[in-house]
Every structure is written in C-alpha cells, then in structure tokens.
Amino acid sequence: MNYFVIDEIIIGALKEDIPNEDITTNSVIDIDSRCTVDLFSKDQGVIAGLDVFKRVFILIGDVNVEFYKKEGDFVQSKTLIAKLTGNTRAILKGERTALNLLQRMSGIATITKCYVDKIKDTNAKLLDTRKTTPGLRILEKYAVTVGGSQNHRFNLSDGIMLKDNHISAAGGIKKAVEAARKNCSFVRRIEVEAETIEMVKEALEAKADIIMLDNMDTDNMRKAVGIINGRAITEASGNVSLETIGAIAKTGVDYISCGALTHSAKTLDLSMKNLKLMK
Amino acid sequence: MNYFVIDEIIIGALKEDIPNEDITTNSVIDIDSRCTVDLFSKDQGVIAGLDVFKRVFILIGDVNVEFYKKEGDFVQSKTLIAKLTGNTRAILKGERTALNLLQRMSGIATITKCYVDKIKDTNAKLLDTRKTTPGLRILEKYAVTVGGSQNHRFNLSDGIMLKDNHISAAGGIKKAVEAARKNCSFVRRIEVEAETIEMVKEALEAKADIIMLDNMDTDNMRKAVGIINGRAITEASGNVSLETIGAIAKTGVDYISCGALTHSAKTLDLSMKNLKLMK
Amino acid sequence: MNYFVIDEIIIGALKEDIPNEDITTNSVIDIDSRCTVDLFSKDQGVIAGLDVFKRVFILIGDVNVEFYKKEGDFVQSKTLIAKLTGNTRAILKGERTALNLLQRMSGIATITKCYVDKIKDTNAKLLDTRKTTPGLRILEKYAVTVGGSQNHRFNLSDGIMLKDNHISAAGGIKKAVEAARKNCSFVRRIEVEAETIEMVKEALEAKADIIMLDNMDTDNMRKAVGIINGRAITEASGNVSLETIGAIAKTGVDYISCGALTHSAKTLDLSMKNLKLMK
Amino acid sequence: MNYFVIDEIIIGALKEDIPNEDITTNSVIDIDSRCTVDLFSKDQGVIAGLDVFKRVFILIGDVNVEFYKKEGDFVQSKTLIAKLTGNTRAILKGERTALNLLQRMSGIATITKCYVDKIKDTNAKLLDTRKTTPGLRILEKYAVTVGGSQNHRFNLSDGIMLKDNHISAAGGIKKAVEAARKNCSFVRRIEVEAETIEMVKEALEAKADIIMLDNMDTDNMRKAVGIINGRAITEASGNVSLETIGAIAKTGVDYISCGALTHSAKTLDLSMKNLKLMK
Amino acid sequence: MNYFVIDEIIIGALKEDIPNEDITTNSVIDIDSRCTVDLFSKDQGVIAGLDVFKRVFILIGDVNVEFYKKEGDFVQSKTLIAKLTGNTRAILKGERTALNLLQRMSGIATITKCYVDKIKDTNAKLLDTRKTTPGLRILEKYAVTVGGSQNHRFNLSDGIMLKDNHISAAGGIKKAVEAARKNCSFVRRIEVEAETIEMVKEALEAKADIIMLDNMDTDNMRKAVGIINGRAITEASGNVSLETIGAIAKTGVDYISCGALTHSAKTLDLSMKNLKLMK
Amino acid sequence: MNYFVIDEIIIGALKEDIPNEDITTNSVIDIDSRCTVDLFSKDQGVIAGLDVFKRVFILIGDVNVEFYKKEGDFVQSKTLIAKLTGNTRAILKGERTALNLLQRMSGIATITKCYVDKIKDTNAKLLDTRKTTPGLRILEKYAVTVGGSQNHRFNLSDGIMLKDNHISAAGGIKKAVEAARKNCSFVRRIEVEAETIEMVKEALEAKADIIMLDNMDTDNMRKAVGIINGRAITEASGNVSLETIGAIAKTGVDYISCGALTHSAKTLDLSMKNLKLMK
C-alpha cells in the first residue's frame, strides 16, 4: 500500500466522521486516559485491510496495534484479530472509520473467496470489474486479490475494451480494433466484447487479444471457446453468480469477471470489545 | 444537494476512473460524434440519486439528461428511467461513474424501503447508522431518506451517544450523562446505550433524552419500553434484519436503527442501452 | 484537537505567509543556526491555542516548545508563556503564523471570560454563534469554551433553528416545527426564534425544545420566561453586550448567545522576544 | 478579485457552515420556493467585499444580487445595500457565509478609514501588517485598500524586513543589509527595523531603502526623520492607535503601519431582512 | 482533454503566477478596459496545446479566443495563431501561464516531429518515456502524440516493464516473467529489458510480449531482431538522438523510445503582440 | 526548502507516476526485500535538488540516502553522487520521480552556470524570468540560484513591471509609473520596459527604479547605460544566448535576464545503478 495514495482516503474518511471533534468522547473521557481494546470477528470470513486499519490509528496518533491474524487469513467467528493499546480518546475516535474500512475490504475478500472456491478445480480464473465504490477502487481492487481473484483493468485509462457502443460507432469490430491498435499504446492488449458466435469470429479475424463472451449461455460459450481455440484469451461476463459460475468455468473460458465482488458484497461483521482502562 | 459538497465526490470518482483519458473511446469515437442513449432498470427497486447522476454529466459537459422517473419512484425491471443526449465521448466517459453512484444509492433506497414496509403498521420508525461507505456518507444518508427511513446522527461531531466504553470510563451512566450535559452543546439530545433493564433504569434516572436498547431480546425490549413509559425516546439496535424487525417494532420502541441499510446493500441493476449515433 | 482537521488550517496559513521562502531569514540566517526565544504576553488575558501554537512548529520541524502556562490560564502582562528552542530559520518562519493563531484564539477566550464573569452569579450560561471567521470556526468555537462559554450549534447541518424566514415560509410556527420534527434527525432539539410574547406562546404550543427570545427588551424577556416556565429551554439573543448581559441574565433565561465573542474580539497582544543564538 | 484564488476560500467557508445539508431550511422550505430579500446596514461604515458577497451566491447558484451601493461607499445605518432574488433555499444557505465575509471586510475598511481620516492633513500614509486572519489575508489586505490605506509587503516571500533578530544574528545592521542585498531579488527594497537613533544612523550608512522607526517616542521619531532627511523612506511602527496616530504623522514620517486594522477590527453590522416569497 | 483533470493543473499554474493579484496590471489598467491581442509564432514548429491555452482564459473568464491555426499544424515564424478579445486585465493576467503551457507543449510536439521525420521511411514507430516533467505528464504525453509519436505506458500502475533490477531480484528473466504473469492483470503485455543477445533469448523463452533492446549497438540490435523474428514486439532504447535514430530504425525494430522528447525539449517561441484597446 | 510547500509537489508527482501501485515491482520484488543502490552522473554539470531528491524517499518511507556530493557541486561524468539503502520496493517506486526532479533542477543549474561563466569578468549579474514550468517554479527559481544566478520577481503579485501593453493602456510611461507608485506597495521597486532611447529618457524622468532595455542592440544598450548613468538600475532582456551574453554584459548593464535558463534547459543525465540486494 502506498501511503501517499491511501492517506488521502483515510483522512477524508476521518474528516467525514469527525468534522470538528468527537463530542461524546471528549466530554466523558479524560484527555490522558489510556486503554487496551480487542478487535474480534463476529462472523467468519477472509480478513483484508489490516494495513489500512492500522494506518487509521497511525494518522490519528498515539495508538499501537498488534495483530494476531495476518492479511488473507480465513477466520472463524469470535476470533481475536488485533489488540489496540493507546490513548483512549484516539482509539474511540478512530474505531468506526477503521472498522468501516476493514469490514468492507474483508467482506469483499470473503465473497471473492466464495467465488474462487467454486472454480478451483477448473482452469478458469476470477476477475473483478470497474463496478467499485467511487473513491475506494484502490482498496476494493486490492481486497479482491486478497480473496484470490485477479484484477481486470483498473480504469478507463489503462485498458482497452471495445464494447457494443464502440463497435457500432466505429462501423464494426474490424474497424474498431484497427482504430484501437493505431491509437492506443502498444503495451496494452485489446479486448473485444462479443455477444454472438458471429461476433466472436469477427473478433478473431480482427486479431483481438482478448474476447469477452458477454451474456452468452453456456452452450454458446463452450462453442465460442472451441472456435477461438487458444488464438485469443477468453473472458466470460454477465449473469455470473455463485450458482452459475461453476458451469461457466466448465465451458473452458480462461477468465470470468464478476461485478458482484465489489458492488454488492456484504461487510464482514467485526467489532472492538473489552475496552480496559490502564492505570 | 449542495454542489459545493458533492462535486468533490464526483470529480474524485471521475479522476479515479479516468486519470488521463478514456483510451478506448478516444481511439474509436470521433471527437464530434453525438448520440442518444437510454438508461434502463434491469431489476425492480427505488430510484435514488438522479440529481447526482445528472451532475456527473454536467461536470463532464455537453450532455443533456431527461428523466422519465423521479426521485423515490419504485420502478419495475426494464423501465426507461432517463434518456441522455449529447457528445458520444462525454456520455461513454461518464457512464460507469454515473451508474456506480446511482446504482449504489438506489440499492440503499431499495433495501431501506423493504425494512420500512415491514414496520409500516407499527409506530416504530427506521434509522440508519454511521456504518456507511467512507467518503460517501452524505449520499448514503440521503439515499436512506429516499427509501423512507430517517437519519440518526451524521457523525461524531453532531450527536451524543454514550456507549459502554464511555460509560465505564466515566464511572457509570449517571456520571457520563452529567459530563455530556456539562460539556456538549445544549442543542443536542443525549443518548445512552443500555444493554440491561438495570441500565435502562439508570439511564432514566440520569434523565437521558434517548435510550438505546442494545442487543436486547424482544421480551426485555418490551419490558424496557414499559418502564421508560415515554420519559425518554427509545431506540432498538442490534440484530436487526428483515426477519426480526417486525417483532422488534411490536415491542413499542420509537426507533429501530439498522447498519445493513448502508453497509451491506446490494446495488440496483441499471444499464445504459440503445446508443444511437445522431446524424 | 484533531490534527487531521487543524493541520490543513495551519499548513494553509503557512503557505499564505510563505508561498516560496522567507527571503529575509534565508538571506541573513545561517541554515544550521540554532537559538532560543521567549514567548511573552504584552497584555493580560486568557491563553487559548497553545496546542495550535506548538503544532505550527511541529509541522515546520526542528523546533521544541516548552510551556510555562497552560491552556485557559489567565496571565498578566509580561508573563513568560513559553520558551522555544531550535533551528533559527524555522522559528522565524513560524513566528507570525503561530502568533496570529494564538493571539486570535486568546483574544476570543479573553473577551468570553469577560462576558462569563458578568453573569457568574446567575443561572444563565453563555453561548457563541455562527458569526465566526470563515475557515477558523473550529478554533474559534474551541477558544470560546476555553473562555468559559458553551457552544451553540456548530453549523447548519447539526442544529435546527427556525428563524422568522423559515416560519413565514412554512406558514406559521406550528407548521414549521412539525415539518422540522418530521424531516430532521431525532437526535436534534428544535429551536424556534420568537420576537414577541405571542410567538413564544405559539412555540410552546408547538412543543419547541428551545425558544430563542430574539431582540426582546428585558421586561418582555422576563415575562416570556415566566410563561415558558421550564417547558422549554430559553435563549436570549440580540443586543448582547458587556453592558447589557447582566440585566439579561437576571430575567431568568437559561442561555444568552453573543456574536461579539467571535466576530469582534480584539486579539491578545503577545510577542516572541529575547532571541539568543546558541553556540 | 481573481476567482481562481477566492473561490477556494468561499467554498471552504460554505463547507464549514454546511458540511452536509442545511437541515432546517431543507425541512421547512420547498425546493422550488423563490423569494426576494434585502441586505441592510445596521450600523454606519465603509462597505467592502461586495464582489465576494455576490460570489458566494454565484457558487451556490440560482440567486441574483443587485447592488444599491458600491464598493467603498460610506453608508449610514439602515441603508439598503443590495436586493437578492432567487431560490429561497439557496439564499438561506448562503446568508451567514456571505455576511460573515462582507461584515468582516467592511469592518476592516471602516476602521481603516478612521485611521486614514486622522492623518489626512499630513503627508504620512497608512499601511497594514501581516497580522491578518490566517486564511483570509488576501481579502483583508484588499479591504484595507478599500478603506484608504496602502498595503505593506504581502508575505515573507515578497518583502525584505530586517528585524532585531535578523540583525543580531547577522552581526549588525551593515552585515545584515549586505547579506540581504546579495541574496535577495533586486526588485525588492530592503527595510531595516531601528529602535534607536544609533541604529537609524547605521541603517542609513548601510543604505537601507526603508527604515522602520520601531516603538520610538515622537521626539525621537522626529529626530530620526531629520537625520534621514529623505535618504531613505521612513515607516513608523508600534503603539499606533486612533489616539496616537495624529501625533506620529506630524513627526514627518512617510508611512505608519498599524496591525489593529486587521487583527482587532470590529465587524460592520449588516443583516438580510424582509424575505418575501414570490408567487 | 478532460477538464476535470487539466483544470487542476491550470488553476495551480495560475495561483503560482498570481497568488494574490497582478499588481502591475491592476494598478494601471482600468477594471473595465477591453482589448484585442494577437498570438504569433516567433519560430517554426508544431503547435500543440491550443485547447489548454484557451482553457486558461475560460477559467479566468471574460476572454474570447479565436484560432487561425489548428492543433498539429506546422507553422512558420511570424504566423498569426490566434486572436484574443476581452477584458484587458484578464488577458494580461493569463498571458504568461497560457504561453508557458502552449510553448512547452508545442516545443515537445516540434522535437517529436523531427524524430518522426527521421524514421518515416522505416517500419519503426517512435515512443515517449516516463521522463516527463513532474505534474505535467498528461499534457506532455499528449503533445508527443500531436507530434506524431505513440505513447509508451503512462505510469508504473498501467504497464509492466521488467528492468535489470527486477530481473536480478527475481532470480532471472524466466522467474521474473512468471511472477509478473501470475500477479499482474491479464490486460497488460509484459515487457522485458534485455541488454545482451543472451538475455533476448531468455526473454523469448519466457514468452515476453515485448523485448526492449537496451543500449545495444545497431549490429547487436539487428541480430536480436533476427532472432526474435516476430515472436515478440521489439523496442529499442538508449542513446537515441536525432543523429542515431535513423540507423536504429533500419535494424528492423518495431519501436524506438526516446526520453529527450519530454525531458530536454526546447520550448517553441511564441508571443502575444499588438494589444489594442477597444473603445 | 519549506516542506509544507514542496511536499505537495512531490506527492503530486508520486501520484502521477503511481496512481495505484507499482505493478511490476510489487509482482516480482518481495515486500521485505532490502537493497543498496548508487546514484551516478552520466554527464558533467552542477548538482541541484539533493534535498528534494531525498525528500521523495522520506515521503515514501524506509529509505536512507547518503550523499557524496553537495548542493552546487560541479560533477564530472561517472561520479558517485549518493548511495541509497532501504526497502527495495520503496527505492524502485521513487526512482523515476526523484530522478525526474533532480535531473531537471540540475539541468537548470548547469546551463545557468554556463551563462554565469560567460559574464564573470564583468559587473553584470544574471537573472531568471517567469518562463518556468507550470507547477515547478519554486524548484526552478531555486535551481537557478544554485547555478549562480539571481532571481527576478517570483510572480505577478510580488514585482512591478510596466510592459509596452501597460504603458500604452496607461497613456505613456509617466502616467503608468505614477499609477503604479500610487497603487502598489512601497516595498516594491518599479521597473519599466524601454525599447528605445526615447523611452529610456521618459522612464528616467518618471523616476523608474529599474529600466529594462528590451531587445536593444548592444550599441543602443551602451548608449542607454550612459544616459541612465546610475540613476536607475538597468536590466538587459531579449535575444540573450550563450553567444550574445558576453557582448551584452560589456555594455555596462547591471543585470541580464534570460528565459532559456528555465524554459529550454536540457536535463542532466543521472541514473541509479548497481542495485544490490541485502541478505
């Protein structure tokens, strides 16, 4: 994690939650009070974001965090994850922000692992999408990798994907691929979205590097994989759920992308408990 | 919506998705190309965030958005929500960012309405929490109101809530409430978290304005409501789900707060389709 | 003080005073020069902002500040408040910015104490307003508390006050209060501005939590307090000066708010003297 | 006024006053409500900051401001200064921020004019200092000019002033001036602070461009002016008040600088009244 | 050009050049003065950045820019490029910032065209590098394309290049490529830096997508191209100058990257002349 | 160097080069890997920016930089300038950004020294201009001083220069100077641009402090210097190159300003080599 990138996210979150002061804490907790508190899981899942969690308290200051679990560990409910020691006001101020970040990242890692497990006996690999929470993409794309998935392109500036709109505007797949090859950096692979077998063939002829099989049923997908036959990388997309991903993977596609990893993950339930004042 | 607040969120989201240029669009779409495109729902739910959606395109420039549904409408799947007309590059650049915001806000409004519907025949009112996405609280707290809920405090600076940690550090409920009353602005009500009937009584004696019944079973909750008997506002919290909220409401509590409204809402499936180039 | 909030203010102030370099200091002071210097009061008053003063030098770096007085102390003229030790250039660069902040905050604390002293034998408590210096509200609202006052609401997002304009637009006090109660978070108390005894009665009927007696003479104020009779909190506002506040307090109002605490406070005269180079 | 500079100040002030929403206004005023409202003076003084006042409402949007007085006008109490027409919510949201800026700037212009009037029959000219409100220097230095004063240097990067600390660190006035002349840009004049006649002579010998007569009594000041005899510009500083400035000016100094213009100005009392909803 | 990206650059540049006010212009030019002025070339070259030039004046406001040349045009000395009409103060304030940007971008486009011309009869294509001016990469990478070059990767987050340091740390080319393929997004091509024929062979075996021939002489380069024989894309790098690029291109490499395009381009001499006040 | 100013530049540059992660380094270098690496010159020149170079790594963290040369040293090619020790990922992440800054600053210092050397036996002193890279002026103006030049004004807010446009708009030199003297701070010297002997005389009569001899041939320049005869400071400007500066200096002008120092400097070739992993 590059702190010159994530500090801005964390400080923004702290200011959102404490624009002025934590009025409750400041009114009842002594300024010099010190305590310890435990971070526990209340559900089972994959932990992601420990570094971000700790960074919240480094930026607030005067809190030490010791971890008992490490990034990517699958924890059961009621597991001790960390112990915090430090200024009581500082710990209480950072609690919600640190938890909001860690719970969200862990929730994404957890659901990602569920998807990955469904396809672990196939050759298909899981991918995320750009359907991330505005402002948190860097954390969410990272959490996805902790859960065992790979990342698709990060943003519109670093990957080429020719969707139906681009194709129709360009006058067909061939022309669209040519335009992309001519105008985009040679370090990028060109991906084409294909909804039919016909489009798959056109994409192959146009020498697309990656062909996305979009919203196809598994029969067509299998057929498309056969036609492509290794001449392009294949990515399945659309209607990917925990119920469907196993069958999709068995069609032989190389990758399966799934927006739900980031746009609809439930957070992992965690909480800070057992606050004990130090004498 | 105050644009001096939300513009920063939107511009941050646009820069996250397009740090330099949309390389695909710029390589295949003519700079002067114009088109129309439709925004459709692909699932049913409550629409929230139309103003934010439109603002994305105002900030990019050269796109007009006409709405066919209004904020808070419950739409069925395959409903036309808006029609966009303008520069094709501008529309394609803003598509993902605008959808990511609108889908998330609508997802929150939709799940909120589900919870509200469960308690509509009771006197209980629904509340959100501070378990929001870092950076997006203002949009998520707003979406919750579109779905029919009320907002709890916005942040640590604008509401007083004495939790177990505050109470033990202060040496009991009575001392904690006194400290809060002495040090906090008189415009704020004082809320005390109570986990037992005993604590409810202490909070009452301390003249807490609001008593949160935290993680109580419904029997204890009902008993607490009876003891309080209107002398404080009551809020139920903990283990609130679509399954449990009905029974909780029937205990007679005034408010029920639920973190899941914001921390685990599924996004509402929406998409932009039927792009047609204009001659 | 949350440094993630005030650092932005301090760094902004430093950049305003030194957009490039301190050309005088850099041209005549050796880069490695070290010195000590004393911070003295040149007038009597209440010291507020020591933490902010010190933070200026922490952000510049290489300066140690040792205090001889503590926050809230009332100091006489010519009192030694602090001794700074460190890099000479660093001390000279931060001098004006640190003093501008400390003098302003101490000036506010000082005038606040004057007001508080006038009403110390009554039950009335002093309040500030939103008439603060744009950009410095958090520091000024804090300084007011150091001087012995309480804070009114912090901003338009965290307190409800129905003024004449809101009332007339809503169609009367009753409707305005109802609208506020329906639409605003239940953690907030509702305050209504009343200019006449008639309006006080309406506010009482509408069950306003707080009634502001605005620009009333002390006779009417006393009458209003009698009518309200503890059923709402009372706040006097308008024409509050050191001359009038004593009489206002004696009307029996609970609170008296005064804009002059922040909008017209004279700064407290302080200066850094006795710079001695260290060998 | 350069909007690329002041917009940041105004937006910062708006966010400080409305971090989320104006909860009172939004709960009782209809979103489409329109109104007119008048800006009146409640005291007499010099108006400064009309452009900033108007800019607040331009940045919020949907409010028109028509002025009846112009920048620098001296107005009596109860004078109509402007009429605002537009969206009611927008006007109420911007009211406090716009007034806080205009009142502060007008207060500075007003006190400045008082000082200027005291020396209008002499050759001395008034100057401000760097004792401004952190974050608002550009507005305050501008307000000072509206009141009739000139500006001293803007910050530590754009003017050279050798104070006692610099002089002692450099080993005397002569060495300090030489160092400054060698290291600073030739576009800047070199000012030396002199507290005694002896120091004035040294500064003259060192060919200082400007000699500040710091905390001298008027006898010594007159003597210093005689010795300098036009070979350097003279500036009086220290203990400048409305009581003393007349006598100081008569010593023949060229300039008199006064920190009180900005650090202790009372705001000018203004208010927005007569809000009338439009049908 | 995405304004949500470049506006920040332009406003930063304006604040750097005018932190407060343009004191010269404001003191001698009337606030309502209007004028026309011409933008001329004083040297020959390729124009790049017209959109940025115009945007400077849009952000300042009240200036219209009409162009007589278009982006990418090769102009002779003394060519009229644009005519500006508007507020005189606005034009004079923006002049230097707008010129600094346009001259730099045009200088880069001009030198780029010189390089491109040297290889136009070969199959090699020109590339830029990351040796750009900190803060201006987006403008400089764009200017390079106006001059006829393609862009290499934009930053460390969007392209994979295994340099000698990565290779030795990973334990050889094979292991480095495997690690990159395993950990990086599949949308990216993997580039390997090879300094010897031996390394070229290893890179081929490891199935690198792109092989950079780094600091090879042209004999070895030709040999490497022969060995690779189309199985990877080739990029020549190191010691690329106007003198050497022709010979490098003739070795048959696909791409030639050149840092000098951005790190050492001379600006194109342009100036604004013939200011005429309008009556 | 004030870190509160330059940190923003450095962090901006780091985010530009690594918006998310250094994908290559993270995929092949172990997170705990440590190494040493050397910074060498590959060309001869003046080193400027060591402090900025080091600050890049301080902001990234976990890298120590030890210098073998000091600011302003003239180094030969292949000289060891620094040795870095620390986390391998951190060093590789910061390499390009740190080099881009150091190379650019050293390039400016180097060309500046070339110009200074040409006039070292005359009384003329070299000056820079405002033709700097947008966003980097503070670093470039500093680099110029390392090379031995002085700085002209820093920006439009801190120096007065009456150019032809100002003069014609004001109705002549006399009126322009009077307006500037009346409206600008007395700490600033007034400079007038003169293109002819006639204008020089007018500027002298108007008591300009500095007269810029703009685009004059050396004969006229010498003549102008004679006429001025010490009554104003003289600055030569226009067509200043390494070929012409010697002759210009011999005309007796006090200063010579040269835009090429900053707008067209070649960067100094430096590189980080000999990375050795530590056991």
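We just call them A, B, C, D, E and F in the order they show up, numbering each chain from 1.
Convention: a contact is a pair of C-beta atoms (placed from the backbone, for glycine too) under 8 Å apart; a residue touches a chain by one contact, two chains touch by 3 or more.
These numbers come from a predicted model, not from an experiment.
Colleague: Look at all chain centres (mean of CA atoms) and spot the one farthest from the centre of subunit E.
Modeller: Farthest from subunit E by mean C-alpha position: C.
Colleague: Counting residue numbers used by both copies over all numbers at the interface, does the subunit B-subunit C contact come out same (over half shared) or different (under half)?
Modeller: same
Colleague: Would you kindly say which chain has the C-alpha centre located farthest from the C-alpha centre of subunit A?
Modeller: Ranked by distance of C-alpha centres from subunit A, the top chain is D.
Colleague: Averaging over Cα atoms per chain, report the distance between subunit B and subunit F in Å.
Modeller: The answer is 52 Å.
Colleague: Compute the distance, rounded to whole Å, between the mean C-alpha positions of subunit A and subunit F.
Modeller: 44
Colleague: Which subunit A residues sit where two or more other chains touch them?
Modeller: 18-21, 93, 138, 154, 157-160, 185, 188
Colleague: Within their complex, state which residues of subunit E touch subunit B.
Modeller: Listed in rising order, the residues of subunit E that touch subunit B are 2-5, 138, 141, 154.
Colleague: Which bits of subunit D are touching subunit C when the two form their complex?
Modeller: Result: residues 9-10, 12-13, 16-30, 33, 35, 37, 88, 92-93, 96-97, 100-101, 103-104, 107, 130-138, 155-166, 168-170, 175-176, 179-180, 182-185, 188, 263-267, 275, 277 of subunit D touch subunit C.
Colleague: Okay, in this complex, where on subunit B does subunit C touch?
Modeller: On the subunit B side, the touching residues are 125, 127, 150-154, 157-160, 185-189, 191, 210, 233, 254-255.
Colleague: Give the list of subunit E residues in touch with subunit D in this complex.
Modeller: So the residues of subunit E touching subunit D come out as 11, 14-15, 18-21, 59-61, 93.
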